[in-house]
Amino acid sequence: MSKETLLEVEDLHTYFYLGDKVAKAVDGVDLNVHKGETVAIVGESGSGKSITSLSIMRLIPQPPGKIVSGSVKLEGRDLLALSDKEMTNVRGDDIAMIFQEPMTSLNPVYTVGEQIAEMLLRHKKVKTKKEGKAKAVELLQQVGFPRAEETVKEHPHQLSGGMRQRVMIAMAMSCDPKLLIADEPTTALDVTIQAQILELMQSVKEKYHSSILMITHDLGVVAEMADRILVMYGGQIVENTSKYKLFTDAKHPYTEGLLASMPTIEEDKERLESISGTVPPADNFPQGCRFAPRCQYAMEACTKEVPALREVEPGHYVRCILYDENQGGTAHDS
Amino acid sequence: ACGDVNDENFENDNAGNNDVNNEADNNDNEDEENDDADEGEAQEGGNATVAMYSTPEHQFNPIYYTSSYDNNIIEFAYESLFAQDEELEFYNELAEDWEMNDDQTEMTVELRDDVTWHDGEEFTADDVVFTYTMIASPEYIGVRQDYVDDLVGYEEFSAGDTDEFEGVRAEDDHTVVFEWEEPTVTPQYDTGYYIIPEHVFEDADAGEIEEHPASTDPEEIVGTGPFQMSEYEEGDYYFLEKYEDYWGGEPNLDSVTWEVIDQSVMTGLLDSGDIDAVFEPDGIEPVDLDTVEAMDNINMYQPQDLGYQYMGFKLAHRPSEDVENAVYDVDNYETNEKLEDPRVRQAIAYGVDREAMVEGLIHGSGQVLHAPFPEASWAYDEDAPVKYEYNVEQAQELMEEAGYEDVTDDGYYEDPDGEEYTLNLEYPTGNEPRERAATVIEQNLEEVGIRVDVQSPREFDAHATRVEEDEPDMDLYLMGWSLASGDPDPSAIFGAEAAYNYPRWYSEESEQLMEEATQAPDAFDQEYRQEKYAEWAEHVSEELPMLFLWSMENNFAYTDRLGGVTENPVNMYKNTHEWYVTEE
Amino acid sequence: MADKHTDEQQNVSTTQQPETSESKQKKNDSPTKLILKRFVRNKLALAGIITLLIIITVSFSAPLLTDHDPTRTDMLNVNAEPSDEHLLGTNPSGQDNFARLLYGGQVSIQIGFYITLIVTVIGVVLGSLSGYYGGRVDSLIMRVTDLFLIFPFLLLVLTVVTILEDTSLLIFVVTLGLIVWPNITRILRGSYLSLREQEYVLSARAIGASDFRIMRKHLIPNAIGPIIVNATVVMAQMIILESGLSFLGFGIPDPTPTWGKMLEEARNLGVLTQRPFEWFPPGIMIVLTVLSINFIGDGLRDAFDPKSRSRR
Amino acid sequence: MTVNEKTAQADETEAAADREVLVEVKNLKKYFPVKGGILKRTVGNVKAVDDVSFKIYKGETLGIVGESGSGKSTLGRMMMRLIDSTEGSITFKGQEITNVRQGKVRPLRKDMQMIFQDPYASLNPRMSIGEIIEEPMVVQDLHDKEERQRIAGDLLETVGLSREARDKYPHEFSGGQRQRIGIARALSTRPQFIIGDEPVSALDVSIQSQVINLMEDLQDDFDLTYMFIAHDLSVVKHISDRVAVMYLGRLAEIAPIDSLYKEPLHPYTQALISAVPSTDVTKKKERVVLEGDLPSPSNPPSGCPFHTRCPEAHERCRAERPELTDMGNDHYVACHLYTDPETGEVIRD
Amino acid sequence: MYKYILRRFLIFIPMLFIVTVVVFTMATLAPGDPLTGEVLDPTVDPEVVEQRREALGLNDPPPVQYMNWLSEISQGNLGDSLHYSGRTVEDLIMSRAPNTVYLAAFSLFITIVIGVPLGMYSARKQYTPVDYTATVFGFFGLAVPNFFFALIAVYVFSFQLGLFPPQGTISQPGLTGIDAFLDRLHHLVMPGITLGLASTAIYMRYTRSEMLDVMGQDFIRTARAKGMGEQNVLYKHTLRNALIPLITLLGFEFGTLLSGAVVTEAVFSFPGLGQLFLTGIQNQDFPLIMGINLIIAVTVLVGNLLADIMYAVVDPRIRYD
């Protein structure tokens, strides 16, 4: 990959200390996002996607959460080493974020305009509130509000879910961030609205030349949006490859299972595959490979130690013993 | 520590009535002490602070007020023709001189001519006539008729039949004549009521006076007294300034402040000197006595109070029709068999430890009462009544004599028919010692073997209604009363058909004695009456329509700083122009 | 909204053991047991329940601890100082303060308890009717509670206590119960309103369960948290209220002792400064009891609803 | 049974009216009053379900799709008689059940059951799994206690849980497991008809497929008829025989899955299908992106409710409400594009 | 918005009417009347008392009395006090209300100034010693009977330390301007704190819980993600949302304060409505009791109305239609 790296996360560990238990929500995540690239993290509920993104933003609720180790570098600058104050300058300005719940992610007591203007003022993009409001109108127009002048004066509850998510996007883009993190931006929305939002995100990305780190559990959305896909399971990345590779040549048994268990609109599956069992809780991961208890290829060695994420093909990383020649694993084709 | 608001009605009258009490106070020693105690230098001017525990009701018109707290203000601002001195003898206040005609029905009073009202107007005979006429007038809706209803022409005038009240008339600017239908024994008492200014109230009729600003707004009060109201904060402070042109001489003090305080912090305030005196109507509560007595800057003055507590025996009940129609007819009285036998009542008298109650409940600041005459009264005869000393055996003997026996062996007597014997006792809230007494009586009598069922206490008014309306289930009740005012004639309370004869006691002997005691011409002889009342007292103590519990002492206290106080058993607020404070 | 709810729930659930490790887990951790476990872990609540138990035990074993009859007056021994005979001295009626403290505790606690019982029963019945059926029944009940709430509580109590001339313990308790119910009814109605919308209630209806069954099996057991928590609040309030009313002279009539009445006797500087043995014990008892009950209530709230851990 | 089989079956019986109708809904409406004005009078209605008619044949699965707020749940609840309908009729096994009073619906519930969306909220946390599964039998007064316990145990095994689970409580299970328990309960009275209101929406893909498979298996084993409400078109496509598309309380289109997904007629259906993100990375897909949001059901647009967002809307759509028209092959659509404005005749291309 | 207010107002009217009926019914149910006491006075002629009863309308049937009363109050006339002869109920209430208003306002001020920030602080420092201390203080405030607290406060602060006057509203008459104000304030401190004790505790607990609630909301995370500083998040985003529910509490606060005032005013001899009410109760002065009950109920109703309106103003989510 010749492209310039924007974000680089190395060996990130974020734990939650809950009484006598420790939930290892994120347990050794490596990822990087290049300039102009859209990277998606997929995985089932509880696999640690949100915590990874929040860790990057340093927004982990603390206590009980804590970033235990690792580094998060934005254009080479280690975010974890910044003071709290410096970090607030990064948030919103360098990295912006939108969330899953458009319904609750906007402050109900302030108007849409106020909330956008506030962010602009905070990052000194404008000097006065008035200027901020004017800019807000402009931004709203860009995300497709026909009546933007009126919308800025409205309160979030007066808008529909899709509209709120647009406001969130407008707000996120207002300071021209280098990276946009979108945590399940369309999960709460209907398909038709989801399509609108995804479309909007694409266009916004092109316009602002920003990179996107997109989090979702919907493989369909990933297929639409991403350049590269990271599959997360049990607080770890288990597979990291380009979109095309993933959907045509998934290597990790978990990814394989996911794809097979998903009904799609294109093909008629006689019967869905399914992965037995459930996602292990973050405070009680099995020994060794975390997927082993549910894996159809699991073997003795899998339960010993956590396999490393290794590059099995150029740009295709998999965390599975099957692809580890040293362990005598043999690649299989599904 | 509960307020005794409900009893105020009784006490008020008492405060206004100023009885004739012959006996001087029994605190001579302390009296002298006080005089010596005035160590500091008398100060020109200054302010004295007097405390009361409850808020005046802001009815400051003497002819309408009912609360003794209002009276506190009135005492400083208004005056009457006659007042009682520390020996309880009448002396002239606004009167200069007086004389009675021979058949004791007409009194001519000459007024002082140097008296002015606070607004500068002269005080004249018209004011006196006005005051009495107002009380007698048909529109009058207050409760002070007692002062006028024996005067000539009252009936006609108060019924509205005539426009002229004959009973009182102005002979000239400074001479007033009172005329009674019957000979009166106590003319100075009857004519000794506060005088209100005609020129202030003349436009109002007697009914309207109640709401007149000069009645309800402290700042508008116009009297002749040494102090006049200047500023106030309702329910908190009442600030009285001296009336410089007071006829008795310019008052020493610049001002007197009445402060409303909570009884619970009184000792603290007295100790810190924030207040100078606690006098009528509250005095020092028994609980605080020890604390106050222990303070070294305090003068105590403890005259007898005319209020007393008793336990009534419902000897009979009026039938309900009579209650409804307010009829009092001895022939209809339904006897309460449970208490019919005087021996039972005597047994109860023996069985109740009244001495202990006086000691325990009122901290010794009072005495056991044996007959309804105040010690101060000429009708009082210490040896006349039977004195029931606490004696359980004697009580039991009497019960057994009366045929009561503990058949069931449960520690309680059954009545002569062998039926369970329980007496219901009712009592009101509002007077802490009395409330506590209910329990004591129950337990005392339990020891004798008489079962008492103590009902839970009621609000005073509710209780009073039940007593008055002869609640059929009631056997015993607790109540307070005030000792005979003015004349000792007990017939208003003990007469067989008197409304206030709550026990519904009927005794021929008593009726006769009471009648004899007031029959002219013998009754003009006080000794004769004294004898009759002694006989009556003995009779009443044997018959026991009620068990007199105790009469209290007042506990008045003031600091060394306050001087010139006239210690007067019925009224501490006389000669206040002589009050002074010493330099600290 | 629903999705978010699910989300949270999911996080909770994933911390539970998966089915595969089922065997390792202790069997049948019923919700009640879980609540108890959570409750016991709360130190303040545990301290509260221990204190309360001690207070109750001591109060109710009064006959074992003192020979004195708390109502027995002794006129020759009033306002006695503490002695071996009278551990805390005697009051102005010569009643033994220690005995009054113990027996008074019984009365005060019973007052609190019975009022709470009445209020809770009314609250549960009316709250369920109102919350479950809604519509007219609900409007009617809510209007009535509104009306009650408009009158400041103490003024209403005083007015009613005055009107009812007779105040025996029973009347006292019933009266207060009848005045205090609206608050709890409202709260429970709120709980029922939200419970009614739960899918398991809908599913119970879908299987044809009767209203009564739904209330009995689905609503009340799930509303038990708020019910108990509010009961503790009421109980604490009532114990305080009793003392306030005693103070104003509208409490339980003599000679029945209560803590409030004992405390009321200290309404005097002299007593306050010179006879602390008379007011301190009942004062501290009231404070401790109320504090304990509040801590228990708070602990229960957390135990019943772990998400509200941070709440009041 | 596979999808293909199902379709084949459908084809066979295609024209035949002899397919046994289990449930029939005619002109069903549900209006929720909207209170407003100063006195809180009813000032309008939310037309949650507005004049809906369809049939469900024995043994089939009818999928209902539509956006949030389109009235899917309301429809399901009306059919379960959990809420009263405003108008129209519901016939179950030939018996009119619309007007059975709430007190009398219990016997019906034996044959009709419902599975709910939220596996966390649909099980009473204070009842053990045994109690939960037995409850329908208790309510219906079926069997004695022991028998009920045995059945509950069997059912647990049927849905892939162990018998021991009976003594546990819901909080001890994961979402997928709970949904299985919900299914077991629905089966306990041996119903013929089950309405699933988004039974898999809250589940993760890997779990979702387990439940879908289970439901399919049970359909065969227990001879069930399903009405499957969902907003995920892929899931609906997988499980259903026929699909009804709802929009603002009305049916836009109803058809067997093959024809619906291959040849959607209604512009809304077309948009809906094209909006589903494709996992086929090899093909680039044309997409119809709809403008705007779902209008408020309390104030639905006049004429065709979809005209505000429809790319092909024309004058007539604004004025006239399209009726559901038979396009042949069991395919019905409510759209003016397919009827002649003059004659009202069906236009086929 | 106006419609919303109007609707609230329309609910207010029937409530008001019912309130009068209830107040009146309570009064009629009461035994005896204020003249019963005078009947017992031997010096008073029973007939006179009966005349007074007649004159005061105490002998009319209840509905007639009610209608009379209602027509009077509709003219702003609450009737004559029975106990306070010659004074009208409105005059009495007016003479006392200012004191209680000062007291309530001061206590509310204390409640808000202490309770809210303490709750905020406690929420910010959740599970720290500060939080626990505040929690214990909160529970303590709820556990101490306020008269008991008052007595001890009087003892300590008035008599031992001499910091505050133990009773009354002013220390000397005749002060003007700032001196008068400070004098009053000085007298308000102890009763105000006593009265506000429980409320402060409640507000503190409430603020804390609301703050924590809001702090867990998504939009707070959004604010942080926007790069907002901690102070801004706390004061701008959290506080405003957390305070909204407190407004409802405020609506009833006046009623609550008045209840407490009955006790507090008694201890501090503070001549306010509470004391007046108590005197009314003790003397069965039903016009007065009715008057105060009515005034308070109306005040609480108005308070609720205002709270509702305020709620609608600060919370844009409220729908006005």
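By letter and in written order, the chains are A, B, C, D and E; residue numbering begins at 1 in each of them.
By our rule, contacts are C-beta pairs under 8 Å (C-beta built on N, C-alpha and C of every residue); 3 or more make two chains touch, one makes a residue touch a chain.
If you're wondering where the values come from, they're calculated on a predicted model, not measured in any experiment.
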Number of steps on the shortest touching-chain route linking subunit B and subunit C: 1
Leaving out subunit B, the still-touching groups: one piece
Label of the chain whose CA centroid is most distant from the centroid of subunit D: B
Separation of subunit A from subunit E, taking each centre as the mean of its C-alpha atoms, in whole Å: 53
Computed distance of Cα centres, subunit E from subunit B, in Å: 39
Length of the line joining the C-alpha centres of subunit A and subunit D, rounded to whole Å: 32
Averaged-CA centre spacing for the pair subunit B and subunit A, given as whole angstrom: 91
For subunit A, residues contacting two or more additional chains: 45, 101, 104, 278-279
For subunit E, residues that touch 2 or more chains besides their own: 31-32, 151, 154-155, 159, 266-267, 284
Subunit B: positions in contact with at least two other chains: 3, 264-265, 268, 430, 459, 462
Of subunit C, residues touching subunit E in the complex: 146-147, 149-155, 158-160, 162-163, 165, 236, 240, 243-244, 247-248, 260, 263-264, 266-267, 269, 272-273, 279, 283, 286-288, 290-291, 294-295, 298, 310-312
Interface residues, subunit B side, partner subunit E - complex: 3, 5-6, 9-10, 13, 17, 54-55, 57-59, 61, 64-66, 141-143, 145-146, 149, 210-212, 215-216, 230-237, 239, 257, 259-262, 264-265, 268-269, 272, 326, 430, 459-462, 464-465, 467-468, 485, 492-493, 499-500
Residues of subunit D that touch subunit A when the two form their complex: 2-4, 67-68, 174-177, 204-210, 212-213, 216, 231, 233-235, 237-239, 261, 271-282, 287, 289-291, 293-294
Subunit D - residues contacting subunit C, complex: 77, 80, 82, 105-110, 113-114, 116-118, 120-128, 135-136, 139-140, 161-162, 164, 167-169, 171-175, 177, 182, 185, 189, 202
Subunit E-touching residues of subunit A, taken from the complex the two chains share: 57, 59, 63, 84-85, 88-93, 96-97, 99, 101, 104-109, 111, 118-119, 122-123, 155, 157, 168, 171
